[in-house]
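Okay, so chain A shows up in both of these, paired with chain B first and chain C after.
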Partner chain A sequence: MSVLRPFDKLPMLNSCALLLVGSDEAIQQKLAEAMLREKRSFNISIHLATSLPLPSERDHLRPRIDMVVFMIDIKSKYSLKNVETSLAYVDASFFLGKVCFLVTGVGRVNACSIETNAVCKLAEAYCSPVLFCELELEGIRAATAQRLLRMLQICAGHIPGVSALSFVSLMRNSNVD
Partner chain B sequence: MAAGRGPARGPTGAAFERRGRAAAAMAEEALEDGRTARTLPSLRQLSRALPFARSHGRLGVSASGRLTVPALCSQESADPQQTAFALRKAWTLYSVTPLHRFRRSRLSDYARLLSAFIAAEKQKGLAVEVGVELDIKVALSSLAELRGSELDQAALLVQLSSRSRASSKNSEDKLVWSGWFCSMFGDELSENVPENFTCLPLFLTHGAESYTSLVGSWFQKTFDCCFRRLAISPLNLSWMVAMWAGYKLERAASAVELVFSMPCLSQPLDISYAIHPEDAKALWDTVQKTPGEITQGEVDVFMDCLYAHFHRHFKIHLSAAKLVKVSTGIASAHCDGIVKILHSQYLPGVLMLLTELAISQIQ
Partner chain C sequence: MMRHGAGSDWSVRKAGAGSTGASEAAGPRRVRRSRDSAHRCPLSEGSEHSSERTHSNSPGRQPAPHPSARTRPRFPGGSIMDATVAEYIRRTVLKMPKDEIKMMLQKWGFLSEAQLQTLNFHQIKDNISHEVVQLCEENSADIKQAAALDIIYNHIYQNKRMWSVYQMKKSGEEDEYFDIADFKKKFKRRIRSALKNVTITFKEYEDNAIWIRVAWGTPYKKPNQYKPSYVVYHSQTPYIFISASMLKSNLPLLCQALIVASNYHDIREMELRSHSLNSLKDIVFKRYSQNFETYTPKPLQGGNVEPENADIRIIHENGREKERIHRLNQEAFGSGPQPQLEFAQYKLETMFKSGPKMDVLDKKEPFRCLVKFSSPHLLESLKSLAPAGMADAPLSPLLTCIPHKARNYFKIREKKKSFVSP
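The block that comes next holds the complex of A and B.
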């Protein structure tokens, strides 16, 4: 039972749970704090992990995960490899809009160790959106936190009429058509 | 590369495992231990370039690959004396936007104007050297051989030499600073510029920083161009080390060395990873499929093999560290934009890479 499934638990009333997976713990902490600072009308719990699978001992204490964000640091090839191996532990039905790739560190273009093409191809293969951001800057961190919160609300089903599946349709590349 | 191979494996899947074992076997005997050294902390500023300007392929490469080792334009009449000045010196790299109204016939006029400018700046109080009074002589020369294709402009060499007034008239001039503009297969830039513009996107300097800024500001004022320091990202450095490790050298060459800087530590830590050049070449030969062409996937496999070998021995993930410097028997490059070329045979290849980097920084 180490695979993460989207609907194997019951949801809690008026609350969402987000899982951040990434090798850089400090930056995860900063993003989580930025998200908790935002004003919102629902409860949110943010789970941080360096890789999947999550330890199974505490599985019964975890709420239902509404959205998984995989964080890739553009300066570290290791973070990309880490995310690629973690993807195997996520159930396929999660990839219907409930997974997002977050590429951090894009402000330092002279320090990039991975090709953005490789990340975009990975995201295309998994039918999930990619967000690029620079979490070391306060303003961009707050903006990213707001975006993720909005996506989380939609993934948890709090917005009537909009489901997570609509993220997939937003990803269509106009060049392809 | 990742698409279509199944979600549970990396982009190279089985190939990675196989090469990892081969690398370990080959390099076991000859591998030198990775040494760690402490260095001073350095500040990294946020770079303000567009991060995705080069999203289409690394170093101008299309999705498939690119050719290697081009020859100089007129190889038959290439004078080794002309290119000797470029070897075995640490050059600092800049990218230059096209020069407006640059006339090759007026080189002596430009030399005179530049020396007058430098003298004027010194009088203004921006003294370059305190103490000894120095006359700075400027020499501009055109190097017809140092270019790739016919579309390239010939390289331009600027040399600043000094003669101390105190010494006798017969004493030799001492070269204090040299810099040269060059373009090696920079066709994609020169195709698109209008008339009156000369494209020499790469600028290499050797000497005091103060002279570099003097010469740079004169060129900026006279030809309305813009100089920017050219930094080399770890991605490009890994491409360079993969290419250069694969070149054949006749006599025993120095080791292939990679220097990594470990992030997020209270005290900065550098790791130096040295590989016997023959082992590195043997590894690259097993990775490269088509001789004369290199793809990003092959470079990734090569680097993954090196990282996996290091992890097996030291349990350190070098892929999480920043690659700061690479050096091989051919050339060495530092991420701050400092290169040293050691072999005249591969000079055009190295310059071609650097020209591409300069062009992608300009665009």
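The block that comes next holds the complex of A and C.
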């Protein structure tokens, strides 16, 4: 059961579960804490992982994952490689709006090791939106946390009339067509 | 014997000063710059500079003394301090941070407590240095005392210099009792037999370290006090730490003198260099925390306790992986603080391999690669790579072997094994 599937478990009442996958645990922890500080009306559990597949012994304890965020540090090629290998362990049906790429560290322009082109191509290949942020700044961290929370609510189906499939509109580039 | 000639590095004309037999001998006249005859030093002054045998009066490359040195009143009947010594002391004092000058002068012990009381340590450093030089004049300091002050400064600020490590080999005899006086005598004799113009100063410290300062000259030039070499030797060990000056040509003589003085028969340079002398000592004396093979292969519990206030809504999925990385790190680096190195350098003497289409590169050898890792604290940053999620654990043995092999310069050659170090 190593592949992550979106609908293999029953949802819990008024709860969402988010999975952050990325090689830098410290920044994941900070982002998770920022998300927990936000006001919300539902229960949330945030799972932090360095890579996929997730260890199978905790599988029965894990709730249904509503959204997966792959965190890529623009300063580290290693993090991009890590994400690329982890993508193989996600079921294809997750990529209908329940996956998002989060590129961090964009504030340090002179330390970039990954080209944004490469990340955008990856996101296009997997039909998922990309968000760019700098999590070391508290303001941007809070803003990113709010955005992710909102996306998580939609992915979990808490917003009537809006489904995760509508995230495809986030990907449309206004310059194209 | 009066020497005069090209390329001396005295920049001050001293009327007949220090030249043995100058005032009696009919030496050639020298055109004096604006100095009056009152500055003529007594003949006896010359012989007190025991470490220098020749003096010369033509201007050279050493920095000129401060203008006030020429016009300061001399003490009638007292000895006159050499102006270059004065300048050297002044510059050494200027190097020191203002709030440490008093402490270093006290350690030096050349100025009495009463004299130190007369100094005003709250004025600008320039003035403090002049006052210190004046007091040294009263006590007629010579180059030996100036060198001792320099050693004190460099002992405290040892991390400003780059140190290399050398290892000596005995020919298999038993360790004799180490006699420090014998060591000093043999060392000085060996160096002086090859080069007369040197200033050699010794200082012993409590941790059995012997500090040696050598200022080098040439057969025709006085020693350059501003570029000395420092040697640190712990007498019970075969290791020598050398901070060479720019004058690398004197290194063979220095090494020879060290082996002769310490009764070893060979010396070789280890591929280990750093600014932190204590870290180098830690590495070669094996004083850092190493990892020893424990009987139980499983790590002890209690190392990775989650903090009590961890939010239960944040779940760390890869706890086992974290533990594995932590364990591998402990095995590779040990649990204590790492010795401080600034870089590791790997010279690749392997063939440059290219794709099959670029066969031009196969025939010639256009590239030789040199990989250098730099960091303010290299080993700690290597240790934190895997936990920070920037590298896979375990790290390459090329990186983790640095303290065990006591080297941070490597040559990687083509071989069937993973790497070879010479």
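Everything that follows uses one rule, which is that the second predicted complex is superposed on the first by the 177 of 177 C-alpha atoms of A that agree within 3 Å, B and C clash if a C-alpha of one lies under 4 Å from a C-alpha of the other, contacts with A are read in each partner's own complex, and residues count from 1 in each chain.
Everything below uses one rule, namely that a residue touches a chain if its C-beta (ideal position, glycine included) is under 8 Å from a C-beta of that chain, and two chains touch if they have at least 3 such contacts.
Keep in mind the model is a prediction, meaning the values are calculated, not measured.
When both complexes are superposed on chain A, chain B and chain C clash. By the touch criterion stated above, A:A26 is placed in contact with chain B and with chain C alike.
Judged by the touch definition given at the top, the superposed model places A:I159 against neither chain B nor chain C. When both complexes are overlaid on chain A, the residue A:E134 reaches chain B alone and has no touch with chain C. In the overlay built on the shared chain, the residue A:Y126 is in contact with chain B alone; chain C does not reach it.
Using the contact criterion defined above for the overlaid structures, shared-chain residue A:S76 touches chain B and also reaches chain C. Contacts of A:S45 after superposition: chain C is touched, whereas chain B is not reached.
Touched residues of chain A, counted separately for chain B and chain C, are more numerous for B. With both structures placed on the common chain, the touch criterion links A:V3 to neither chain B nor chain C. In the superposition on chain A, A:A143 makes contact with neither chain B nor chain C.
Of 23-31, 59-67 or 329-337, the segment of chain B running into chain C after the two structures are fitted on chain A is 23-31.
Touching of chain A by both chain B and chain C, each in its own complex, is seen for residues 23-24, 26, 76, 78-79. In the complex of the two chains, the chain C residues touching chain A come out as 311, 313-318, 320-322, 388-391. Chain B meets chain A in the complex at residues 1-4, 7-11, 44, 46-47, 49-52, 55-58, 231-235, 238, 263-264, 296, 303, 307, 317, 319-323, 335.
Interface residues of chain A facing chain B in the complex, by the touch rule stated above, are 23-24, 26, 74-79, 81, 84-85, 87-88, 106-118, 120-122, 124-126, 132, 134, 136-137.
If you check the complex, the residues on chain A that touch chain C are 19, 22-26, 29, 32-33, 36, 43-51, 54-55, 58, 76, 78-79, 82.
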